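Notes for the one structure printed next.
The first chain written gets the first letter, and so on, giving A, B, C and D; residue counts start at 1 in each chain.
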Amino acid sequence: MTDTPHAAPEAAPRVAVLGANGKMGRRAVEAVRAAEGLELAAELGSRDPLTAVVDAGATHVLDLTVPDASPDNVAFAVENGLHAVVGTSGWGPERRVALEARLAEHPGVGVLIAPNFSVGSVLASAFAAKAARWFESVELIELHHPAKLDAPSGTAVRTAELIGDARAAAGVGPSPDATERDPDGARGAVVNGVHVHAVRLRGLEAHQEVLLGGPGEQLVVRHDAFDRGAYMPGVVLGLRTVASRPGLTYGLDGYLDLG
Amino acid sequence: MTDTPHAAPEAAPRVAVLGANGKMGRRAVEAVRAAEGLELAAELGSRDPLTAVVDAGATHVLDLTVPDASPDNVAFAVENGLHAVVGTSGWGPERRVALEARLAEHPGVGVLIAPNFSVGSVLASAFAAKAARWFESVELIELHHPAKLDAPSGTAVRTAELIGDARAAAGVGPSPDATERDPDGARGAVVNGVHVHAVRLRGLEAHQEVLLGGPGEQLVVRHDAFDRGAYMPGVVLGLRTVASRPGLTYGLDGYLDLG
Amino acid sequence: MTDTPHAAPEAAPRVAVLGANGKMGRRAVEAVRAAEGLELAAELGSRDPLTAVVDAGATHVLDLTVPDASPDNVAFAVENGLHAVVGTSGWGPERRVALEARLAEHPGVGVLIAPNFSVGSVLASAFAAKAARWFESVELIELHHPAKLDAPSGTAVRTAELIGDARAAAGVGPSPDATERDPDGARGAVVNGVHVHAVRLRGLEAHQEVLLGGPGEQLVVRHDAFDRGAYMPGVVLGLRTVASRPGLTYGLDGYLDLG
Amino acid sequence: MTDTPHAAPEAAPRVAVLGANGKMGRRAVEAVRAAEGLELAAELGSRDPLTAVVDAGATHVLDLTVPDASPDNVAFAVENGLHAVVGTSGWGPERRVALEARLAEHPGVGVLIAPNFSVGSVLASAFAAKAARWFESVELIELHHPAKLDAPSGTAVRTAELIGDARAAAGVGPSPDATERDPDGARGAVVNGVHVHAVRLRGLEAHQEVLLGGPGEQLVVRHDAFDRGAYMPGVVLGLRTVASRPGLTYGLDGYLDLG
């Protein structure tokens, strides 16, 4: 066993997709096949043995499985010197600390864990957070299909947290609001000091709009995800980049040169 | 005293502005002066006697005063055969019934009472109501400056009522919504079955967006009022039209040929 | 042969889909199957004989074929007392006049020819045309996927024609425009007096936005078609309604109670 | 004469406004008066001698004059150890090189020259440029009042240049576009490879929207300037910050911690 990746950086990544039978997995298999500079080495379902990854000569693992399986999958990849891109949820701080300890023993291996693979969504959140300190007011509207169970969305909560933290760090006070009467809750939820509104509408998929206002001006950062295809460019970017970023990267924004 | 208007329809309306010193009044005085085909006959403040209207040879009264004064002003106009356009609030059903009785005795006189003089806002509400029965989902977002005391806005409430009534009349069920968890009220207020969201943002004035969604499509009707100038075209339209519409018209939409 | 529809109005329409193997046809077959109150009687490809429609006991024909075949299909339907809903293009004035002559001999039969089956799109165009006379300025932006060959879109051209005609009929002058220097054509196309802008963007499908502006205010009517599903509610509405509207109706707006 | 600013950084800047009688100047005088931590030291019209700035004990100069006067004003400020914030146009590369030479002799003095003082507009352009390389498609729509003489706007041209340069630097090809027929120029202008559309509409002031699209997703960065008040927070930010940034800064983005 060696910490050196099986392939030099200039060789095409050979990707094993774990969770290849799920909705995201099937899209990812297509995306890897279609992406210039990537090769599909293996497709594994939940019953396939991980050793098939090594047998197939993979250099990269794409983990799109379930929270219970993901840590073992990633550990296996790291121990075998394979880079990993992870879209499975459930990677809280504790799991990440353990993974970083393991990666310290395999210094050439890179892992990317991305709670959100939509490049546009990640950029939108980052821009909103950067802009938040420069405006008196900021509010957030998220809009989703009506089958969604939670309000507001997880992405909206994370964005509001980034915005609120950025404003607090810059010493910006709360957004002005003279509301005295709101008997039915039209002003929405307040997350980390930011008003968040959730719309549910047939025809929509996943959309988010951050409104920032100052005297005489407004800045709007909006992201629309029309279908799952929105996540594939981020997956491909992750697979192309992870070998050159040893250690753990949490969040796709680390790969987007946001400066 | 006569029921015949002082001027034949083809003559230019001669307008007396009541409440000429208020914010709306001052804008209206300018608008009447600038409008082709209208003449400014008189500007009255709250202490000026109503007889000055007749002395000035006015054919039309524009009432932009206060709820306590408006009924007497309009009664005076009708009794003197003057047409009236009214932007003052407070004209509930009881007052309107009394006014209609008075107008029945002066069959040539027209009165327009308009809760909203923005042509765009009135059209937006009418379009939203017409469209509402054809979509599975409908929600409403209103956005205002942060000094506003009420949420949602009166216009939003009226629009939601029109929408809900139109859907009920057509037998359309509630908008689909699978929300199970919304601990902080992100889904907003529900007015007549319609979810209504209120945003407060520095830089904005008065804006409203109705979102209608069906499988694979969305219709959005949005109105922006950037400043009080938004109300002047409606005031001018009212003054130009009221003489040709005897009796009481409630709502500017009655003049907009919405069919 | 009889002009009486095979089914009384209260019976469920039994629908034969012509062109059932095309993209729209396959979606329509699904939509008819799923729609409450409609029954799928037959699916015909381009080689199937039209007599199969009668053999299947159909009461309605849905024609989603090609311009060369559509007139014969509709003639067959009318002669057999079947109502027809037509989404095929190519029905210019000459063809429609001939069809109306035929329908005059079959007074109980209804035909709907719809250049656009998206309820939202049809409403958006109708609203824009109704609103156009009340604003100084109006412009149109259409946005489509980058594989589209024509700019502007046919829907945009039709909407601009409706808008321009409505303004001309009301005696409204051209939108104000002080542009003196526009070396690269940023102001876009002018269609019937209306500036039309065409955006081509990966990720989008078919979208249109009409902007209407007056002093201090803006009205925006936007329609988004995210996928072909957008056309199915209009198809279903047509099939449910056509039996109660004898003769030829051109355009889905005739069924939308726009007043 | 000394290079040491008259006031220590912690003292409140004492601001002399040059061009105080122009539209921007009058707004700036109000903004400086209202801003916490700034003091208004002097208001100069075009005929007032520059020595009045020194007589008034100013530590900062705000130049809102005309291109012919601005270089002398700034030179005077630098020679007298005063920091300068400049909103006057006409500062091309040649003038800036000369100013940098002068500043090299006065190492404690800071000058900010800002072609655009709207914080929101500057952020919007910066975000669009950062995002541009991550999307297949990008187009730009600018919308202005109908009295504007040029199309597209200067801000739109600068934004398109930033976007095109960023894409070229990252090796991103042109946005996909299959358009074959566009007889009337609906696709707009092409600036540095970016399609730019210019809308002129009564009621609007100055607005810009950058649309970025990839498979299944869209990112929209929109800025609205509703009135001249939009520029004042940037002016105030410049005055508060310039003393801590010795030398020449070109563009407000240098002060916005965009990383």
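Odds and ends about this structure:
Going forward, a contact is a pair of C-beta atoms (placed from the backbone, for glycine too) under 8 Å apart; a residue touches a chain by one contact, two chains touch by 3 or more.
Since the model is a prediction, treat every value here as computed from it, not as a measurement.
Centroid distances from subunit B, each centroid being the mean of CA atoms, peak for A. Comparing the chain pairs C-D and B-D, the larger number of C-beta pairs in contact belongs to C-D. A straight line joining the Cα centres of subunit C and subunit D is 47 Å long. Averaging C-alpha coordinates per chain places the centre of subunit A 34 Å away from that of subunit D.
Annotation: 41 Å between the Cα-based centres of subunit B and subunit D.
Of all residues in subunit B, those that touch two or more other chains are 135, 203, 212, 214-218, 224, 226, 230.
Taken as a graph of touching chains, this assembly is complete, with every chain in contact with every other. Interface residues of subunit B, counted against subunit C in their complex, comprise 118-121, 123-124, 127, 130-131, 134-135, 212, 214-233, 237, 256-259. The touching residues of subunit D, counted against subunit B in their complex, run 203, 205, 224, 226, 230.
Contacts from subunit B toward subunit A in the complex involve residues 135-139, 141-143, 146-152, 156, 175-191, 195-204, 211-218.
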